Each structure stands twice: as structure tokens, then as C-alpha cells.
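All remarks here apply to the structure that follows.
The chains carry the letters A, B, C and D, assigned in the order they are written, with residues numbered from 1 in each.
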Amino acid sequence: MLNSIIHIFLALVMPPLLLGIIGKTKAAFAGRVGAPFLQPYYDLFRLLQKGSVFSTTTSWVFRAGPIVALATTAIAALLVPFGAHTPPISFDGDMILYAYLFALGRFFTMAAALDTGSSFEGMGSAREATFSCLAEPTLFFALITLSRLSGSFSLSSMLINISFGVWLSNGAALILLVGGMFIVLLAENCRIPFDDPNTHLELTMIHEVMVLDHSGPAFALIQYAAALKLFVLGAFFVHLALPYATGNAALDWALFIISMLELAVVIGVVESAMARLRMVRIPQLLVAATILAAFSTLLVIR
Amino acid sequence: MITLADQLLVLVLLINFILLGTSRLFFSIRAVAVQGVLLGILPGLIHPFSWHLVGITIVIIAVKGFVIPQLLGRAVRSAEIKREAEPFVGYVATLLLGALFTAFSFGFAGRLPMLPEHQNYMFVPASIATLMAGFLILTTRRKVISQVIGYLVLDNGIFIFGLLLAEAMPIMVEAGALLDLLVGTFVMGIVINQINREFSSLDTSLLTSLKEE
Amino acid sequence: MYFALQGALDPALVALSAALLIGCAGVPGLFLRKPGPGQIIAAAGTILAAFAGVPSSLLLLYSHTTTTYLLEWGLPFGPCELVIDPLSAFFLLPVFLVSAAGSLFAVGYWPAAEHRTTERGLTFFYGLLASSMALLLMARNGVFFIMVWEVMALSAYFLLVTEHEREDVRRAGIVYLIATHTGTAALVVYFSLLASQTGSFLLPAAGSLSAFSSTASLIVLTAFVGFGAKAGIMPFHIWLPSAHANAPSHVSAVMSGVMLKMGMYGLFRTLTYFYEPPFLWGAVLTVCGITSALLGIAFAVAQHDLKRLLACSSIENIGIITTGLGVALLGVSSHNNTLVYLGMAGALLHILNHSFFKPLLFLGSGAIIHAVGTRDMNLMGGLGKSMPRVTLLFLVGSVAICGIPPLNGFVSEFLLYLGLFRQLEAVSLTYLVFLAPLLALVGGLAVVAFTKLFGSVFLGTPRSTVAPHFHEAGVTMLLPMFFFALLCLLIGVAPQIALRLVSPAIEFIYPQLVSPSITAGYGDLLGRLSLSGVLLIAAAALVTLFWKWRLGKVPVSATPTWGCGYQRVTARMQYGGAAFSELAVSVFNGILRQRIERPTIAGLFPVAAHCSDQPTETFLERVISPLFALTGIAFAFLRRLQNGLMHMYVLYIFATLFILMLWAH
Amino acid sequence: MYAALIIIPLIGAAVTWLIPYDRLRPKILSLFTLAHLGMTINMISFTPPESPDGWFHFDALGKIVLLSTSILFLTCAVYSIGYLYYRRERSNRVMCVGLLVCLSAASLVTITHHLGLMWVALETTTISMAPLIYFNRNARSIEATWKYLLICSVGVALALLGLYFLGYATIVARVEPSLLLDDLVRDAGKLSSGWVHAAFVFLLVGFGTKMGLAPLHTWKPDAYGEAPGLVGALLSGGLVNLAFLALLRVYQLCLATKEIIFFQNALIYMGLFSMIVAAIFMARQADFKRMLAYSSVEHVGIMAVALGLGGKAIFGVLFHIFANGLTKGVLFLSAGNIHRSYNSKSTDHVRGALKRLPWSGGLFLAGFIAITGSPPFAPFISEFTIISSAFIQGRLLIGAIFLISLSVIFIGMALTVLPMVMGGVPSDSETTSYRDTVWTVGPPLFLLLLVFLLGVWIPAPLMTLLRDASTLLEVHQ
């Protein structure tokens, strides 16, 4: 019970912090002081205060976009275990639900973008659609591998199961998997090298360009949903990459938070070190990720 | 008597070859007429005398020997055609084929069981040979008249065979023979005249508008 | 024909008479001079039949009874049994539901007043189609089966060519007719071979035939060709897109929602005959299924024609169903009950689901076409504002068909996924699990296809002025769609009910493996699923409330869409359907083979240029048509034999005589 | 009794020959055909005993063929009332007389058991049809008549030789020389195989020519294509069945001798060949009447194959005599109407018949669906019986070829028929005086209803008739 409360609390509170850390890291690399860690929180609150502008071409679909996006991500957050703790919801096959919840969110985000009738937002949603559909198989290969390793069919047990012991026995498979999932993590959250949240050249953007016309509270919801998505996928990834677990509950929570922060730093480093890829390269990278994941699955199944 | 019948049959076969070889239409019409007369005589030679027989003989000689040649002759005259120009197969080739088929028919007839009293007649081979000669004419000639002649020859071949049954089932044979003659004379005569009117020629090459493109 | 009734009035009899009632519903209209009443009568009769038929089929489904009627007929093919067993009852549900909804829709969509010439035939053949399908499910005599099968196929043809003044409709009709007739030919062989096995034309009982004989494989092959051609499994799908696109929309709804399922029914029925099926059968089904799913949805992504897109997605869904069936069959061969159960449940449930959301979408497209007057999505857009209700219902359908929670499409795919994942603990055929990522890819492409459809039809601003009179659909058109949307949502949030629907059918097919414990176990699992679905809705509501609260506090204003600095934005600058899918299609262009025209822009001031990419029917245009052309040439050559020359004809006779003589002696 | 069947039409012929009114003749024709049909039904229900000399015997086979033929004749006679009204420009005396003579000869074919007499009657039907084919009096029709007459006469002559062979076989075997079917069947065991073989070959070729088995079918497309619609209907629905009956008699004889296997194989090969030929010639056929002619070739092939297969297929083929005859009636009569209305039988000109002639076009479409063996029409029953018995007998290859050629034929016909009836009427098609009337549409409609009825329900009496007939043709070892 307590764990569930902590789980929900973390999911509610922590996501923007990751963005802050990423920003800080990049600033550090650029030799700037950078915005404070809590800047994303300020942004969210300011946006919530702001008035909102709706395009005359939009209909209720446009308004539904942010709502569904946030709701789906929130439910997904309830499925992923944070640290060694079982999540509030867990049942056989919940990983499939996990995968498809994001699809639902994506559907509405894209619909909302198309509803504005702006060519840029249409462009963004087209890219989002294609790339995410290419990222889909990778996630499933990962799930298969994990399920095979853990011998279970629920997200929580298959993620918590990963430990150094497993690493020792199936190192090769897991390394491949970590590689693949990191690419997916970046792609799904529209980070560099796939997308640059900070640029404002609309032609190059994917996710950011889809939400160009959202403003005020709606935009706050979107920002928060994006952060939450990063958080949820990150939690998934952390289980693979940094499977620390001590028997102690409190310690595990601490470990989880720390490793999430580490992840944020790593993302920041990658973003600082790399440049955006050309659009045509992105599908190739995603297919590469799929191949990595597929190989890992082969390794564990044979 | 037997020998006489056989000699007549040999004549019939010869006439087949003449028909295969000649190109002059009047000549071939006369040849068919002669063949008809010979066939008319044949029954008298192999069967005992009876008025019935006389009747048959007269009818056949009359029709095969005079009526049909008259009709054909008139058709030819009205169409002003003298000879069978360019047949589909040359005359020499036709003759050779005819010889081949005659030989074949003798061989074929040898393999069929015969009544002892017919054993040493050459009715069966003669009839089959004549039949094939008719087929040959039908398949190699271009003019309507020649094709009618071919049909008549084919018919004669069948008639020759019929002679073997003439006493066993007379009505049958006569009915068959007469019906064929009916077709040969009236219907074909009428059709030939119609064709003549439509095309003012008796060349079947003109009768080829109905086909698959 | 009179029925030798056994027993008093029972659900089976009700279902039977309901089926016959649908068939007769269209008849009065033929004799009424005044147009209109006939259509109303037909709709009323069909709906009445549905009200009678659906409950009775449900009753038959739950009370695992099998009722047999003996139809006295004057044909020399043995007794003609009409049987309703759980499998038939299960397939009867969509028949009644969809036909009733369609007939109601027709009243608004194809009003007799406007279509005086065509309405009568349409109504009549519509009823004939529906009732023949219902009877088909009851037929147990092979010959009777083929008869109703062919009546179904032909009435579908006549419905399809309702607007036969249009060239493309005629072409679609001919392609359909040839395809279905070839399928029927295969079925003739199928039933003859069955008769050679069993000695009568009655269909054999479940598990009564051995699968290890050459005849058995031949039977299954012919069944696969015959029924697969009707179901639209690749490579027998050639007729499907054009046919479904060119039929009137409520007919497309029935064809796609129900008629395809008749093919699946045939496959299910066939596979029940045999015990111990060899691995090959399941493997072939699985491969064809997943191929159809992938290619079908890939084709769908590329389409510009609204209804063609839907038709291609039908191929995809049939592919998913076939995959489920094949997987289940592999489970039977490998004695893996979990796989059998989950595969069967997934396939059957997806059949039901597809017969809910596909009609919904087709009826929706009917409403759209009725309003806009074109099927080209590149000319639509912005309908969301003029027809909000249709938009909402269509959105439900699109989400459902993408297999996204919390709607019904997800449930069936969930079961299938679960079955595949469970293979990880199986002793053999572990590699089946690799189907899961493929299915995921299919799901992703489905999202692309339907965001494209939904976006380019309903969202943004109108791209052209093809039809100035956008108008919301009438109530007779909205009601059926609403009904289907409701069903989608119901099964989505309460999947346990759906499981209780399919379990009896599975139990009938494989009695040994449905134990209450299994059903209960998965019911519990689906209970969790529905819980999370409810949570999702609750969360959405919560966020909405929060947002409304914020909006209440802050100023709200409306301006045109921000053109990113560009001032003169026009409607044609929006991302159209073609542009939207261009990136995704480019990945699959190897198969899709679009006809792409790209102008080369040259010079400082390039002239106006046109750019287009047209999806093509790869298989039809690259394989079938050339084959036909080749045959035509060969035949044209052979036709010279009839050259009009008399002596040749006589020669033929002579040759025949000669050959026969030689042969005789 | 037997005489009546022959005499009634002959009287009719005399009457129609004598009266001078063109308008009146078709009605008289219809009256006499009606009387003939009544007589036929009466004789089927109360069959007279076999005539003492054994020449006349009205057995089940004869009943089936005569019934279907008589129905078809009546329908065509009624149709001629409407049809000839549109052909007032020329006298219809020859046509009406020819029809009645043909009918009387046809009755003779069906009731006699004397092969010689049957041959005479068959030849008479051939001759009596010749002037009807020439009805249109133009170059094409004279050519068609010429080909029809010469080829059929050659065929019939060959059949005569075959009969002579049979007769001679009886003489050689020293049994009572006769051509009565019953005697021949009785003495069949004694006949020498050489002659019998030869006889069967000649009879097969002879009657096959009359029937139109490929490659002896060459006269068919020309004759059917040039003859008026109702003559085509009678040729393909009536005379074909008569020739087939003759073949059935030969088949009965074969059953008695030991030659049946050879004869069956010959039938199967020729039948399959006919179907293939039909398939080849139907594809892209530009003349819809010729297409119907090839369809007739196809169905003759089906009958031959079925007869060769034996077993349950026999029932199928006997039923096919009805199904094919009546359906061909529908097709040819409606095709005649379409021909009248467009004044062209080229599929390039005939478009949108459903728009221009809703009834005739619909009938033509329905006839197409029926003749290609789709339920719920009668041909489906027969064709399905035949195909399934092929597969049940385990003769997969024959069944496969049969089915494939059926499918090809369906495709070919569909590609010809559907464009004809569907779509809109081309603006440049010439307008004619023809309109659908009760007299021109009623008869084919009646036939179609009959075909449909037989497709869903075979009446008990007909069923018993078919069963009796098929017992006559079963192999009894």
C-alpha cells in the first residue's frame, strides 16, 4: 500500500525534474550556468496560469489531444515498477496494455495536430506516426526477451527479475537489449538525435511541432505528459541498465531515484555530444534498434 | 456371275481414280453417272431375279445415272464453269493418296469376318475405298459441284456395302439409299441454285465469310 | 418445401424463421408501385428478425444444445439437415446484427425517392444476401450449402453492380464474379471429395475424419482455396478492395462485416472434421494470415480512396483472424491447450469485433460520401465541424480497429498476444512468439492508416469545394452507427462478457480443453484489463475536469492557426492524406509499387507542376491480368481452326473417323 | 396412339401449308404443338404397350427426350407469334411447315426402337431444319445452310454405314438379321467384335456430327449464328437431344456387348475435347449468337463425358437433357429479342441491354447464370451430379479438366455477356421498332421459371421417370 502511494507520488512529482537535470547537464557541457533544476516546474505553473488560444479551425478533437495523452501516460506509469517495487496494477499480459497505451496517446496527439490544419503540424504527425510504428517491434522484442528471462508475463515481475545474476548469465542478450531500448527511449521521447526539443525550426521537429498550436493549460498538460512519458520509459530502461536491488524497501526507492537521475544525466550527455540526424537516417537507426532487440531475443530463445 | 460382279466393282474403283484425277467438271459428272449405272446393275448380278429387284435397279439407274447428272450439269452450265481450277491438293498427290487409301481399305477389309458366300467378293474393300475416295474429293476440291460429286461418291461407297444386306433387310437398304438420293438431288440441287444466285459462282472459297477472326 | 418439425417452438426454430423473414423482407417492395414503403417494410422486417434472432442465437450459444431440422427437398442428394450448433450460433450473431443495422441505414442513405430505379433490386438482393448467409450457417448438406453459398455470392454481385453505369463498378463486379466463381468451383471439388470420404453429402461430424490421407490434404486445400477466396486471405484477395469500395456503403458493411466471415466459418467448420491435423496446415494458415495482415495494412496506408482503405484493412483483420486460427491449429498439433484456447478465443473474438467496428466505419464512410459526394480523401477535410456526431462515432471505430484500449479491438489482439507470449514456456514451437512483433508492426501501421483517414477526412479545413452542402447524417443513419460504437465500447470495457460469448464455440470445436477453470482464469485476467480500461477513462475524466477548471480561470481567445510566420495560409497547404502516408509508404514501396509522378523543378521560376502517387493492385495488375492477356493471345491463335473452309471441316470428320478406327482395332 | 404423335404435327403441317394468311399461321402452329404436348403428356402418363412387331416402344429415355422437345417446340411456337410479327416482310409458310414436319420426325425418333427407322427420322429432322436456317435469305445464311447440310449429311451417311455394319454383323453371326434394338441387345453376345467395333465408331462419328461433338461441330456456330433465334433454340435444345438419344440407343447396345469400356473412353475423350474447344472459342467471342453455339458444343461435351463416366452421372446427364434444352431456349429466345432490338449481334454494338430491354436483358443475364451451372437453376443440379460423380469415382484428372474448362468458359461468357447487359446504351446504336411484348418475353420467361423450379424441386413423377431411364443405362455385369 505504502509502496503504491510512493509510486504514485513519484510519478506525479518527479518527471519534470529529469528535464531540469537534462537541461543542466547540457548547459554544463556548453559551459553555461543554465536554468535551475526546478525550471520545468516553474514553466508548468506559469503555463497553467496563462490564458489559452484556440485556432478557429480546430474542433473538440484538438482539445481531446492533451487530455488523452496525459491520461494514457498516467495509466502506463501505474504499470511500470519503480525500482524493486511492484506497481499498483500488475497482471499477466499487462505489458501489451503498456505498449498499446502509448499508441492511444499518440493517436490523439496526432489527431489534434492534424486538426489545426497547419502543414507543419501535419508534417510532425506524419513523422511521429512512421517512426513510432517502426519503434513498435523493438519494444515487443524487448518484452519477449524479458518475459523469457523471467518466465513471467507481467511487466513488473519481468523487469524486477533483472539482476546482476541475470546479467552474468545472459550478458550478451541484455547488452543488445539495452542498446536497442536506449534508441527507442530517445526516439519515443523525441530527444536528440531524433528530434531537438529546443530548436525552433519547425521543419526539423517531430513532437514539438505537433503541439505548436497548444497554449496555456493545454500546453502545460502536454509538457507534463511528455516528461511523464520520459519518466515511465526511463524507469523501464533503468531496470535493464542499472538493476541494483537491495532487500530494503526504502533503500530501493532511493536507488531508483538516483538511477533515474543518472539516466537523465546520460541523456543530457548524449544530447550534448551528438547532433540531430537527418530525417532520412532516422528510420535506419530505428530498424537497427529492432535488429539489436531481435538478436537478443534469438539469443535467449534458442 | 461372281467374276462379273467383281469386274464391275473394279470398274467402280477405276472411276474413283478418274474422278480423283480429272479437273473437267462435265467429265467428272458423267463419270459419276456411269458409276451410278454400274451400281444399279450390281444387285441384279448377286441376287436371284425378282420384280422387286427390277424395280430397285430401274429406280437407282434412273436417279443416279440420269436425274442427278442432269441437275448438276444444268448448274454447271448456268454458272459457266468448265474445270476445277486450283484444287487445295494437286491431282497427282490426290491420286497417290487415293491409291494409298484403296490399299488400306483392302487391308482393313481383310481383317473383318465375312460370310463364306461373300468371302471372295470384293464388296467390302470396294465400298470402303469408294467411301474414302469420296472423302478425298470432298477435302481436296474447291468447287461446290465437286463437293457434291464427292458426297455422291461417298454415298455410292455406302450403297455398295448396302448391297450385301439387300436381301436380309431390303426395306432398310432402300430407305437409306433413297433418302440419301433425296438429299443428293433435291436439297443439294436447290441449295446449289441458291448459291448460284447469291454468288453467281460455285466456288466454295467464296463461302468462307463465317469464321473466327 | 415443408419442415418436419421436431418439438415445439424453440430458439433454433425462431432463428430459422428469422433468417427466412429477412429473405422475404425485400419481396413486398417489388410489387408496390409507390417507391418508399417497400424499403420501410424491408427495414422493419429485418430489424424484427434481428430482435428475434439475436436472443435465440445467444440462447443456443449458452445452452450448448444442437438442434437439427430435416428439410424435405426434391433433390437427389440425400437428406438435407439444418443444424444450429454453438459454432453456427456464434456466427449467426453478426449476420442478424449487421444486416438489421444496414437495412435501417439504407433508409436514409439510399432513399427510394431518389433512387427509384435501383432501390427495389437493392432492397431485395440485400435481404436475399443476409438470409442466404444465415441459412448457410445452418446448412449441413453439402449441396444445399453450395446452393445458398452461390445465392449469397450472386446476390452480393447484384448488390455490387447497383450503379452499373459506372465503368469501375462494372470492372469491380466482373473481377468479383470471376473470383467468387473460381472459389465455388473449388468448393464443388471440396464437397465431392468429402462425399467420397463419408459416402453422403452430409457434412461429417466434428473429429470424425483422419487427417493422414492424401484425400484429406486435398480436401483442406480445396477448402482453403474456396473459403479463402471468399474471406479474402492473400493471395485470394484480388477482388476485395475494388468490390468493397464500389458497392453501396451499407452493402460494403455487410460484405466486409459478415460475408468475409462466411469464408472463415467454412475454414473453421472444415478444420473441425479432422483429428490430429498435421503441422503443415497450421503453418500454412499462420503464414498466409500474417502476410495478409502485414500487406493488407500496408496497402491500406497507401490508399487515397476512403472505402478502399477500409477494404484493405479488412484484408488485414482477416489476416489477424487467420493467424489466430493457424496458431490454434498448431497448438492442436503440438497438444498445447493454452495456445489452442487463446488462439481460438482471439480469432473468434476478433471475428465478432471486426463485424462491429468495420460496419461502423463503412456506414460512417457512407454518411461521409452521402454528404461530400466523393471517395477521394485528398478532396475532403474539415468535416468534423459540420458533422460532429459522425466524427465521434467514426473516431470510436478508428480507435477500435487499431486495436487500441479501451475498445474491443484491443481485447482480441490481447488474447492473441498472450497466446504467443505463452509459447515461451511451451516445449515446442517457441519461435511462434516472433509473430508478436509482427503483429505489433501491423498495429503501428494501422494507427498510421487510420490517423491518416481520420485526419484527412474530418480534421483541418475543407480542401476543396466538391460538395458545398456538408450536412450531419440523419437519425436513421446515425442510429446504427451509434449502436455499433456502443458494442465496441461495451466489449472494450467488459471483455469478460466477450469471453463468455466465444467459450461455448471453442468448447464445441475442442470439447477436451475448455474447463471452467481455464475460462474463469482468463475471465479474471480480462477483469483486470477492464479495470485498467475503466481507470483510463476515469483518468481522462479527471484530467478533463482539471483542465476545464483551469480554463475557467484563464482568458480564452480564438485566432487562426499560426502559420509559423507565413501569412497567406490556404486550405490546400494542409498535410493531405497522400503527404501524411508518404513517409510510411516509402518504407514499403517495394511491395506497394505506387505509380509515382514527381515533376523535376528546374530554373529560377518553375512552371506549375503536378505531382501524384497512385497505389496499385500489385498482385492483380502484375500477375493476374498478364496471365489473362497471355491466355487470350493463345486462344486467338487456336481459333484459326475455325477458318470457314468447308474442306477443312470435312477433313476434321475424316481424321476423327480414322483415329477412332485405328484406336478401335 | 403411336401414330397420333406423328400424325398430329403432319396434319398441322398440311393445314399451315394450305392457309394463305401469314398472321394466322403461327397461331395454328401453336395450337398443333399444344395438342402434341398434350398428346405427349397423355402418352407418358398412360404408356401404350409396345407394338407387336417391336418397332415402336415408348420407353423412359424416349419419354424424357420427347417431353423436353415438345415443351420447347410449344414455347418456340408461341414465341413465333410475337417474333414473326416483326418479320412480316417475308412469308412464314416454309418456317411453320418446317417446324411441324420436324416435330413429327422428332416424335418418331423418340418412340421407335428400330434403329433404321430412327435413322430415317433423324435425317428428316436434319433436312426439315435446312430451310429454316435459310430463313433470312442472305449470303451469310445460305453459306450457313450449305455447311450445315453438307456436313450433317456426311455425318448421317456415316451413321447409315454404321447401321449397315451392325446389320451385317447379325448376318455374319447367323442370328435373325434385324436392326431392332431389342433383338440386337438380345443377340449382342454373339455378334463378332470386329464389325461391332466398326459399327460403333461410325455411329459415334455420325450421330456425333449431328450432335455437334468437337471436332465434328464445325457447322454449329454458322448455323446457330445465322438462323433466327427460335430456330437456334430448337437446334440446340431439341435436335441435339434427339441425336443424343440416338447415341443413348447405341450406348444401350454397347452395354449388352463387351465393348462398353472402349465406347465410354471414346465418349469421355471427345466430350472433354469438346469442352476445351468450347472454352477456347468462347473467350472474347464477338458474336453473342456464335457464343451460344459454342456453349451448346460445351454442353454436348458435358453430356458425352457424363455418359462415359456412367454410374450416378447417368442420372445427371438425363436431367441435363431437360436442364440444357430449356435453358438454351431461354438464352436463344432472349438473344433473338436483343438481336431484333439492336439489329446487330456483335457485342461491340450491343451494350446496356438491361436499360434498353429490361425483360430480355434480364432473361439473357439469368440464362447466362443458369447455363454456367449456378444454383438455384436446373443445370446446377445436373452438372454438380456429374462433376461430383467424377470425383467420387476417383477420376480426379477428368474431374479437374472438366471443372477447369467450365471455369474458363464461365469467365469467357461473363466477359462477353456482362458488358452486353450492363452499363448504358451507346448513343450511336440504331433504334428499331422492336419492343418487349408479352409474346416475345412470355415464352422465355416461362422457360426460365421452369428451369428455376427444376433447380430447387424435382417433381416426383419426373424423378421416377429419370430413375427408370437411368436403370436402362446402368452397367449390369
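Just so we're on the same page, a contact is a pair of C-beta atoms (placed from the backbone, for glycine too) under 8 Å apart; a residue touches a chain by one contact, two chains touch by 3 or more.
Computed from a prediction, not measured in an experiment: that's the story for all the values here.
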Fewest touching-chain hops separating chain A from chain B: 2
Of B-D and C-D, whichever chain pair has more C-beta contact pairs: C-D
CA centroid of chain B to CA centroid of chain D, Å: 31
Centre distance in Å when chain A and chain D are each reduced to the mean of their C-alpha atoms: 79
Centroid spacing, where centroids are CA-atom means, of chain C and chain D in whole angstrom: 44
Centre-to-centre distance between chain C and chain B (centres being mean Cα positions), rounded to whole Å: 70
Sequence positions of chain D contacting 2 or more other chains: 146-147, 150, 154, 194, 198, 221, 281
Multi-partner residues of chain B (at least 2 other chains): 111, 138, 147, 207-210, 212-213
Residues of chain A engaged with two or more neighbouring chains: none
Pairwise chain contacts, counting only pairs that touch as defined: A-C, B-C, B-D, C-D
Residue numbers on chain A that touch chain C, as the complex places them: 48-61, 66-68, 70-72, 74-75, 78-79, 89, 91-94, 96-97, 99-101, 103-104, 106-107, 110-111, 114-123, 125-127, 129-130, 132-134, 136-137, 139-141, 143-144, 147-148, 151, 153, 202, 212-213, 216-218, 220-221, 283, 290, 294, 297, 301
Residue numbers on chain C that touch chain D, as the complex places them: 1, 73-76, 143, 146-147, 150-151, 154, 161, 164-165, 167, 170, 173-174, 177-178, 181-182, 184-185, 188-189, 191-193, 195-196, 631-632, 635-636, 638-639, 641-642, 646, 648-650, 652-653, 655-657, 660-661, 663-665
Chain C-touching residues of chain B, taken from the complex the two chains share: 88, 108, 111, 135, 138-142, 147, 204-205, 207-213
Complex contacts: residues of chain C adjacent to chain A: 381-382, 384-385, 388, 391, 395, 398-399, 402-405, 410, 413-414, 417-418, 421-422, 424-425, 430-431, 433-434, 436-438, 440-441, 443-445, 447-448, 450-452, 454-456, 458-461, 525, 528-529, 531-532, 535-536, 539-540, 542-544, 547, 550-551, 554-564, 569, 571, 573-575, 579-584, 587
Touching residues (chain side chain D, partner chain B) in the complex: 116, 119-120, 123-124, 127, 130, 134, 138-140, 142-147, 149-150, 153-154, 157, 160-161, 163-165, 167-168, 170-172, 177-179, 192, 194-195, 198, 221-222, 225-226, 281, 286
